[in-house]
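I've put the structures underneath this note.
After this come two complexes, each holding chain A, first together with chain B and then together with chain C.
What follows is the complex of A and B.
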């Protein structure tokens, strides 16, 4: 059928797709170009190409510290958010209970809070409670926004879950815990994994919540902002590129892990015969 | 083992949801090794009844006795019974083998013993042995049915329950699987309790059938009894196309059909029967040349005909009442649409039922 479509129609679809892709990825490309200069200032077109700023950035202890803080926060957020969101999603999509409709709306509302306002209000609360701002308070702040997102992502998987699977396992002699471990968890795993990726990446790239709540600790997005406001060096686009590529890399690694697990499962199935 | 002893006894079993009574005071004895089918339209409470028997729903009142012991409070995972679900509920992340072995894995049976048992069940259910490592999501509808049955049999239950597992299967395959299931019942000798909304399906497989209506068992009997001696209009109509006439008692074997203004020769009118319905099956009605051709006769107009493969049905309208006459294809009726025809039947071919 497709081959019968007029040639110009196919060409138009390709042109449109290319335009959208360029629109989305050109800024990222500019970031990469801006990092590959040997001069001190940000000038287009680039006159002197070089990787001097890449070397400086990777050698900097300060940058290492930033990575550690950002990773630590994102890791804690992921673990806590997925745990809360999994059970939240089961309540959201699996069980029918009085008040579920209201719960569904309330739990998603924080996604739409303006994050800078949310950050400020959390800062005021932490102060009122006498807490010192640090990466731990940032974890809490991120959770307020990321748990709802994560709940929504996992809920999508839970909606397609047939409750009869749990009943069947229970009927076949499994305890409630065995049902959860052998059936519920593995069947929901793809959703849980995407929820975890979402949580990690949203925390990794978050700026407005971190700005108010990290205190003396600094995350990569905060550092980038501070440096752009005052003291720009081509180290900024270097770090920006590394951070972006790192996030993209994580997505690919995550995908690769899923593919690998599937292959291994298929292989072990075959060897059992 | 005494094959006559009841394995499952229900005593005034009742389930209410708020003010709604889904299952009402059901009394029933099921014999060891029996294939018992509960049949009823949707909303008749058959699924709720089954869920109480499996332990997935608690009974509001009454008793469920398994070999004489009350099991009301035993959860589903502690009951020696197992169910084949309507959706089959095969574990999508597991292979055919892993699905079948699930209950054995839960019981910590050694892997090689589990596998031997699974392969044995697969052979019994005519699943190819190399399906052991196949993902269940890649199996066809009929294969999935067999995997679900094998998984339930691996649990070695005293009673197997079936919740309309064949309802989503196309007609031809369903007919094959119905017969296979009856063969499996024979081979295993286990007690099967099956629910369906299709009495046709129930007839093919069952030793006994219980018809449910609005939470109550309205008639229990062999397929023969249900077919030839329905006690109520509901049961008679549930079997398929029937001709039903409202009648009142007039003599020892005469009833009056006010709708047609005629007296009708009927089977012996039971004591206490004042008003009810007379049921005549389509195959018991026939076209006749003149009024002496049958004990009872009505004049109507041939309205339409339906070819059902080996049989043909004719719709005959008597006033506004529609009658269905069924004949074998070889004995097709030569009448044309809108012809005036005489239809007749004998008293012995009709059944008197109450509402």
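What follows is the complex of A and C.
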């Protein structure tokens, strides 16, 4: 903290940030409000409060199917993305090698790419290969965008990784696999964990890539979009609220786990010294 | 194991992701380029190639969509820069131990599909919605809804792409060393001079990446104009989508995509080649 900064400036920055945070959550609040009315149309201020649409939405078999498809895709994406990205991140930040600077830029390129165009390009490509669109092609499409993001997230952890730890383990006679399992993985775990969290949530909420590559299968964001365009259904605010609260919950739990891990590690470091 | 010795550990670890991006990123882009040269309304690559689709684009009004997309994106980026700088400054220097929490608060909305969040704004701005309903009930006034105007599209883009400006900018601002700033103050620089001569130039890499990221994403934006803008403006991605879906003219859509890719790709390469990513991401 900069003690030289005058108090009024600090307060102003806090106030501005708070205002923008409220701005970020305002649409979520509107969804929540709209989901808690029992009338067919949304009229504010709400006169008839109720959870009728929540019950209806959760009883629907169609919604269960959507949840299953979205979960399946997000789960596969997470597992594959983290595996590829872990090695990608080591090449990104751990090793010094000749092509590294270009490699870093190549890996970042898909992140900077408009996703709707990426989705269409993948559709063309799958079509040229003669593949039928399904949840599997959607997993692949999500990976093209999520693997680079995941690599970047893990890389940030790898930057603070001390290679001397690995070398020490080698000197003590550990095999390659042992070093990877006993040193590299545990030290990088917080980064891998946040990478997995990012992968899961980004896949769960993705719309532009799913739109073109899921074929007959439908994910929750696709379903919501179809309903939005077709006219107002109170099921949309319900599902929207569920996905917002779900994402927030998962992220907060994940964050708590990372903080806990850091504390435990700090404590064990101290007891060793 | 012979292979492992001839290529270094860096290359070896980079191989899976590079192979994946070859199949999943480079190949689809090549497919699009290929498709953009085949005759209109056909679906197979194996035929005579021509420039027909490009000629059709230059003779049509698609350039308007391009201009709209570029213009809206530029306005969005400028507004974002002004909104985000104080927050980035706060995250890097003022918030201290609360910085992680604030970052988290800005991260959570990223994981909710942007359609859903924009729909929340529809509920906010729509007639009898949260804003207008409140105004009517409390003050008895009924202004026109802002929905379906050009301004609301920029509003939506500012909202959706805010984190993409904020996070790189924060990385940039935290690259300014305290000593340099203090030294400038000690030498008698005013607050404004320190900002202009020290803080801004030293945090430029992060700021430029924030500009680039939010601009590129905003150029490819489609949902804001569709959900909030009521399709008053057709941005370029929407043109592309129409060509692929309703018009069933894949080659034309592919040609439009190639032009968009050229614009975006050139910008990304021009900006990225100037910066050392290691320094920005915090390599020790």
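Assume the second predicted complex is superposed on the first by the 236 of 273 C-alpha atoms of A that agree within 3 Å, B and C clash if a C-alpha of one lies under 4 Å from a C-alpha of the other, contacts with A are read in each partner's own complex, and residues count from 1 in each chain.
One rule holds for everything that comes next: contacts are C-beta pairs under 8 Å (C-beta built on N, C-alpha and C of every residue); 3 or more make two chains touch, one makes a residue touch a chain.
Computed from a predicted structure; not experimentally measured.
More residues of chain A are in touch with C than with the other of chain B and chain C.
Contact with chain C, but none with chain B, is seen for A:206 once the two complexes are overlaid on the shared chain. Look at A:256: by the touch rule set out above, it reaches neither chain B nor chain C. Contact with chain C, but none with chain B, is seen for A:225 once the two complexes are overlaid on the shared chain.
Once the two complexes are overlaid on the shared chain, A:43 sits against chain C while remaining clear of chain B.
Contacts of A:186 after superposition: chain B is touched, whereas chain C is not reached.
Across the interface of their complex, chain A is touched by residues 8-18, 20-21, 24-25, 27-29, 31-32, 34-35, 43, 45, 83, 86-87, 89-90, 93-96, 100, 102, 104-121, 123-124, 126, 128-130, 132-134, 137, 159, 162, 178, 182, 185, 212-213, 216-217, 219-223, 227, 237, 240-241, 244, 250, 253-254, 257, 260-261, 264, 268-269, 272-273, 276-278, 281-284 of chain C. Residue ranges of chain B in contact with chain A, taken from their complex: 54-56, 75-78, 81-83, 85-87, 89, 91-93, 95, 97, 102-103, 106-107, 115, 130, 132-135, 151-152, 155. Those residues of chain A that touch chain C in the complex are listed here as 1-2, 4-5, 10, 12-14, 16-17, 20-21, 23-31, 33-34, 42-45, 84-85, 87-88, 90-101, 103-118, 120-125, 127-128, 140-141, 143-144, 147-148, 151-152, 155-156, 159-160, 201-202, 204-208, 212, 220-221, 224-225, 228, 236-237, 239-240, 243-244, 247-248, 251-252, 255.
For chain A in complex with chain B, the touching residues are 162, 164-165, 167-175, 178, 182-183, 186-187, 189, 266, 269-270, 272-273.
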